[in-house]
Amino acid sequence: MPPSNPDHILLVDCPDCPGLVHAITGVLFRAGANVISNHEFVDTDSGRFFMRTACSGPLDDDAVQLAVQEILPAGSSVQMRRSIPRSIVVLASREHHCLADLLIRHEYGELGAQILAVVSNHENLRPLVEKFSVPFHTLSHEGLSREAHEEALQSFIAPLKPDYLVLAKYMRILSPGFVNRWPSRIVNIHHSFLPAFVGARPYHQAFHRGVKVIGATAHFVSNQLDEGPIIMQQVIPMDHSYTPRDLERAGRDIERTVLANSLRLLNEDRVFLCANRTIIFD
Amino acid sequence: MPPSNPDHILLVDCPDCPGLVHAITGVLFRAGANVISNHEFVDTDSGRFFMRTACSGPLDDDAVQLAVQEILPAGSSVQMRRSIPRSIVVLASREHHCLADLLIRHEYGELGAQILAVVSNHENLRPLVEKFSVPFHTLSHEGLSREAHEEALQSFIAPLKPDYLVLAKYMRILSPGFVNRWPSRIVNIHHSFLPAFVGARPYHQAFHRGVKVIGATAHFVSNQLDEGPIIMQQVIPMDHSYTPRDLERAGRDIERTVLANSLRLLNEDRVFLCANRTIIFD
Amino acid sequence: MPPSNPDHILLVDCPDCPGLVHAITGVLFRAGANVISNHEFVDTDSGRFFMRTACSGPLDDDAVQLAVQEILPAGSSVQMRRSIPRSIVVLASREHHCLADLLIRHEYGELGAQILAVVSNHENLRPLVEKFSVPFHTLSHEGLSREAHEEALQSFIAPLKPDYLVLAKYMRILSPGFVNRWPSRIVNIHHSFLPAFVGARPYHQAFHRGVKVIGATAHFVSNQLDEGPIIMQQVIPMDHSYTPRDLERAGRDIERTVLANSLRLLNEDRVFLCANRTIIFD
Amino acid sequence: MPPSNPDHILLVDCPDCPGLVHAITGVLFRAGANVISNHEFVDTDSGRFFMRTACSGPLDDDAVQLAVQEILPAGSSVQMRRSIPRSIVVLASREHHCLADLLIRHEYGELGAQILAVVSNHENLRPLVEKFSVPFHTLSHEGLSREAHEEALQSFIAPLKPDYLVLAKYMRILSPGFVNRWPSRIVNIHHSFLPAFVGARPYHQAFHRGVKVIGATAHFVSNQLDEGPIIMQQVIPMDHSYTPRDLERAGRDIERTVLANSLRLLNEDRVFLCANRTIIFD
């Protein structure tokens, strides 16, 4: 029986053409890989082929990656890597609910990632973060231009070399310049629905509209506000008796679950980008 | 033990003030009403009080209504009525799924309403409707101005004196003039989310945005496109493998369930309007 | 761009061993098949490999099936077939809700199957079925032993050669002898939850237990009552105000949606059996 | 406009008879209470009437309670109290997920209750609990009879005078003697479904049965194992690719959300008992 813990992950994103699965699995077979699970998907809209293969065996990742690359057409992306935890930096502001959830999961090894640091533009979350022996760094935006504040942010984060930046209710809009430095590597959690209720006080908007469901969306950050590719969405039912404050309370419960689970997908290399949407191999 | 089938419904919508429940239930008590169930809600935003009381007993509806009206402040609306089925006219275009569902429920007495007629701007649904011995009337919009078409619609519908008009995938936008003739008496079912993806081909928009849930919303029709008070919303999870056509198929399942259940709420007098939202006593 | 309508489906269920995907896709590649979608799964518990491949091209199904069979180990099951509609016989008793739903979907070509006949032990559903020009056959159980009744059932059904028997609220328990004649080819829809509330009057049991969700389960019929492999389950929230009758009404909505969608999965060859559970490639 | 934070709660559970709402609201009106929200429900099965009224005003709770008591028939229960936080003792074993969630909510004042102490039969959760400055007490069951262990438990807990005991994955079965000391005051969270999969290793049972949904149930503890009145249930969809370990991970997410939300209902006096089920006024 194959071992249940794969230790190598092959990720392929390439133009679709006949025989791809056969060719790629041939490389793995000849390399002695034991395939544990295999997902493929062809996006007929863009004509692109996506594949994620988890395997075990005494493999040379670089050699396998090169061998797969050689049989694929131009415009292909191939990655062969160990399935080891990712590293992240969390950005927060004042709200604790998503951050606390990540800290608990991190403490018990359930996040699939190491939190290198938490950065906030406020001081109030320091006691919470330090309970869990995670470095906390305050970078106030007071008296700084957006550019200067983001420059400080980048100077602090870049040396840590995180795989992803996670916005756990970070309430400042990131400029295109900053976002471009972390392409498809910033994840945000958004109250309510995308693309609905874009703008301020969404729970009040939702209340006055009398919505009967509210939800949360985890998405990559792009340079269109709240418009990056969606990783995960969930909703819960509401009724007229919920005040805006009740909606927010219910929203917090769903936000933190959605953020944590979308990070699990990301940390296990289950998320592919395809134009403005995601392919999720769960 | 009280009978489980109430046969009178009292509906109150008035400015909130102290002692309302005591005063109103006093009128019912003195009239010999046996209260089966009672719902109240105060909308603190508007300061309005809503109450729905189901009761049984040998009651004079007009007298009770008058007696309640007399103890309430100006700006109150009171209705006391027998809990008998409502009457509706269904408007459809070419799609059968919501209409077929209503016809089946109607056939078996599960709709809480009598379908007086189905009107369509197309002919294709006639065989389906006539299977169930419901009158089908075609009013093509071809060669007619919007005004002329709506005038014909109104001339056909008005003499039937329906309580509600139900848009079961009726694909034409109704003009403000027509909507104003049926204030808060037209119910629509809308694919996808309100207020998201307003406009054409919503399932294609949803596909390209990679949404992970889709839903359906039943709402009253107001003169803001797809913006009337929401009666019911439900969603189901999606993933990247759903084509726009798959999304539509899944959407149909949820649309018809949501439309039928929102009509049940409406036909049982469980829906109150409060500015642009609904209070639902279910 | 590949055509979006695959017309051949390859189904493999075999002992897992290295190189299976490579070997099988090699046969398809050499036969000139254009793979549209591909799903595999290894059940580590039983050590079995499952694969469903949808493809197009000018293929000889028998030749491909033979070629795949030849490269697989003993104990393998291989099927290569055209993706054409299945045929079913529906068994019902008195309740209309699931049957009506199937008839509507059948009428509009949304079922992925042809309904060859509806058989009931009661007469009351005849008018409904005949509206849709589907043959209706009554086989009363009155005055017959279970064996004699099932013999009559088998005599009527067998010549129609259906792929599946669908129990759309058929309220008689089928004997092991009958079930054994249709192994893994009978689908049932069950109110409430499996394995909860086995036995009579489940909605009353659910009411007195105060359950906060109710659901429906579509499952294969085995010779353990309500215990065959589950194809699909869905639930909806309930509260204390639901009477047993309300629970039943809500249950009907979910039963018919779950039955219809599980038939879609079955008719598209997306359901594999693995011991007492199913592998679903959706 | 009425204040949105009611500070008194009236709770009534009595035999149903005509005029109850009128009579009770009359007492409140004469006492100068400003009713913020009012819920009533008649359980026709048992013939009992339930009411929860939230109000504000300069009220003498004891006097109001007495006055309401006087107008009600024998067999009535009346409680008038300030809406102040409840107090709880949490019992845990080794698993952290529910406990951590309660600690976070407690830390930020979102639990509606004060955690007086955490008691465990293991030591491993001490560092977590002490991070939040909540007293942690270990009472190992090693070498003790069940009676002796429960006696020690009772001796520790009783002097703290908690309103409720919360079993946050406490893995020992409480004896009838212990349960009888805390009637309807012990809340448990149960993996999977009640009454399904009673017994050991429920996630393995669920896996081998191939369930397509899993859930969590918060319930009062009675002297029938896992059979007390249900407060809240929620489910999430599963598929064949979930291993027992994946099911457990998903189960943890839902368990902690359900436990925390059921405690909110309880702490806000929204839960009434009616035979073996609950009436929830949310």
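By written order: A, B, C and D. Residues from 1 in each chain.
Please note the rule applied: contacts are C-beta pairs under 8 Å (C-beta built on N, C-alpha and C of every residue); 3 or more make two chains touch, one makes a residue touch a chain.
Please read these numbers as outputs of a predicted model, since none were measured by experiment.
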Most distant chain from subunit D by Cα centroid: C
Fraction-based call for subunit C against subunit B, same above half, different below: same
Centre-to-centre distance between subunit D and subunit B (centres being mean Cα positions), rounded to whole Å: 37
Contacts with 2+ other chains: residues of subunit D: 4, 37, 41, 44, 241, 243
Subunit D residues within the subunit B interface of the complex: 1-2, 4, 16, 18-19, 21-22, 25-26, 28-29, 34-38, 40-42, 44, 47, 237
Partner subunit C, residues of subunit D touching it in the complex: 41, 43-45, 193-197, 207-213, 215, 217, 229-235, 239-241, 243, 274-280
Subunit A-facing residues of subunit D, complex: 4, 37, 96-97, 100-101, 104, 107-108, 110, 128, 131-132, 241, 243, 249, 253, 257, 260-261, 282
